[in-house]
């Protein structure tokens, strides 16, 4: 197999890698905010339960969560295993990353001085307006570096979808490596991930720069 | 100044914008406000002085609903915001909020908004149309000596400029009374003058104000009523000349002596 | 490609040599221990026994070989789809675990033992599916374990058959392949007969389609240059066959599914000189 064929075959898997990546971000970024707000809820039981769930999601391997989401329903209820593995993969990734994002959001929200809330309150902003107009924009700026870290990790974590036989780029790379008894596909995969992350870094850098107009 | 005093004296009974009766507040077991009563009439400038921890900031924060008081009455324009320790409805509190503005020690400007937006957005969310809010904001900024700064961001301004933006922001909502919580305490000494000047100018325009301050000469010059607080009670109050010139209480004398040193 | 491959391999080996204290002029006589690389999830050839230790037909034979040669046996679970990399990096001395001999292994320079097992590849389907032959699976989804000969077959000799399937998905363990089947995510599993037989025996509702889709042989893989080690192991196995130990192991109940395909028992002693010559070449 020529290097070109190898790259073409693996590029087919790249679209699935991208699907995991973008869908996970699409769902986990807002979900993380909901989780963060539940985590900070004044109702003790809500925040305690949320906190417990977060510790589980952050304290167990993503690989295990992938297996649980994909095969758990079958073993527990005899339900069918999803034919399209993208669904359980995106669910597992979104839930897992939401837990991480939630903690980042929480840190960001708690870092905003209480004076910002007080000023908004005195000026007659509703709680919702305060959050959306005053707090959230400042939180986003503060958490960008941490979010970038997670997004870069997500690019690499997509390779874990192989545990549930989702044919993303790394799975295909492994298959080629096997049939060709060659290390080359791993180097190709490494290059793909690297390029992907260079792009992610550039995009996130642009966003950070756009938020740089104030301090 | 004398004219100002006469004016407010005439209106006194008719128009208390704020009235506080027997206000109590404790943090944990520590009592911060014991049975505080005061009344703010339209056109008056009241200064509250006293050592740190005397409860004067807490009093202002209770009046602006940032702290929940434990007991007593708070009335705005004769209507109860709190009656015997029980707060009025959310809607009523919101109506009261439109009557006062608060200027913080640390300005608390919104750092991600331009100066103009800091001043113009609050009226907009209250339903004022954008163009009117913008014009009014520009007018206020000009009055604060900040023309040309409307597109700057707070971090680009000096502390004194930031505090003047904060005053403009509070004024943009046309409050009936303006509260100042140690407005110059976070400023370098050379910047306090420009802020005090603005407050003085507002006093001349008959703006009703309550100022918690450590600037004794300013309090003496600008206000027509001075309250000295210590240990959560009002120790002495009266005309500035009386309180500063001839205090009747030993604690007041001691406090003022320390300040003059 | 070949060149890159060999450079990559050479680099890995150099690296491995760097960290391993390697000396011995005679790698066989001076040897005191032997690390056997297995797929720990490949019953009945190699698996984690009820007592928590690795066992299986291959493991038992290897133990007997080590006893014979005075080596201390260490069993090492490899990541099956990276078994050859792990072999190259000296993590184990051989891969011996129901491993199908592939031409590509020999081309890459690995030393392969005499074949000892005739492997049959079959399709496992749900009993109520009505599928009776590989043709019935046209347009269906088939699962295969990553790194197995089944996967290699579907990519190679059986690619025409694979083309009739809607899709072939690869799982990293055969257990997942069967879970996919039982959970209706796939319609069939392409797998070695012994694995199929032992799984179907323990789980209801599955059927092995009676159709041999690939005749291959199992062997033991050694690193390039380990010809002497390979010969020593081969000879020891032959000795076990002659003294009856081999048959004794094979007679155990848990190996009933594979006993008929064991080459050393079904053929004469002089089996497969051809393979030996190839391995030495």
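Some notes on this structure:
A, B and C are the chain letters, set down in written order, and residue numbers restart from 1 in every chain.
In this section, a contact is a pair of C-beta atoms (placed from the backbone, for glycine too) under 8 Å apart; a residue touches a chain by one contact, two chains touch by 3 or more.
Worth saying up front: this structure is predicted, and the values here are computed from it rather than measured.
Across every pairing of chains, the maximum count of C-beta contacts belongs to A-C.
The chain with its CA mean position farthest from that of subunit A is B. Centrality annotation: A (chain centre taken as mean Cα position, compared with the mean over all protein Cα atoms). Note: centroid distance subunit A to subunit C, computed from Cα atoms, is 38 Å. Subunit B has its Cα centroid 47 Å from the Cα centroid of subunit A. Distance between subunit B and subunit C, defined via averaged C-alpha coordinates, is recorded as 84 Å. Only residues 1, 4-5, 8-9, 12, 81-82, 84-85, 102, 104-105, 107-108, 141, 143, 146-147, 151-152, 155-156, 169-172, 176, 179-180, 182-186 of subunit C touch subunit A when the two sit together in their complex.
By the touch criterion stated above, subunit B contacts subunit A in their complex at residues 64-66, 94, 97-98, 100-102, 104, 106, 108-112, 121-122, 125-126, 153-155, 169-170, 173. Against subunit C, in their complex, subunit A makes its touches with residues 1-3, 71, 74-75, 79-83, 85, 162-165, 167, 171, 174-175, 177-184.
Those residues of subunit A whose C-beta lies close enough to touch subunit B in the complex are 113, 115-116, 118-125, 129, 133-134, 137-138, 141, 213-215.
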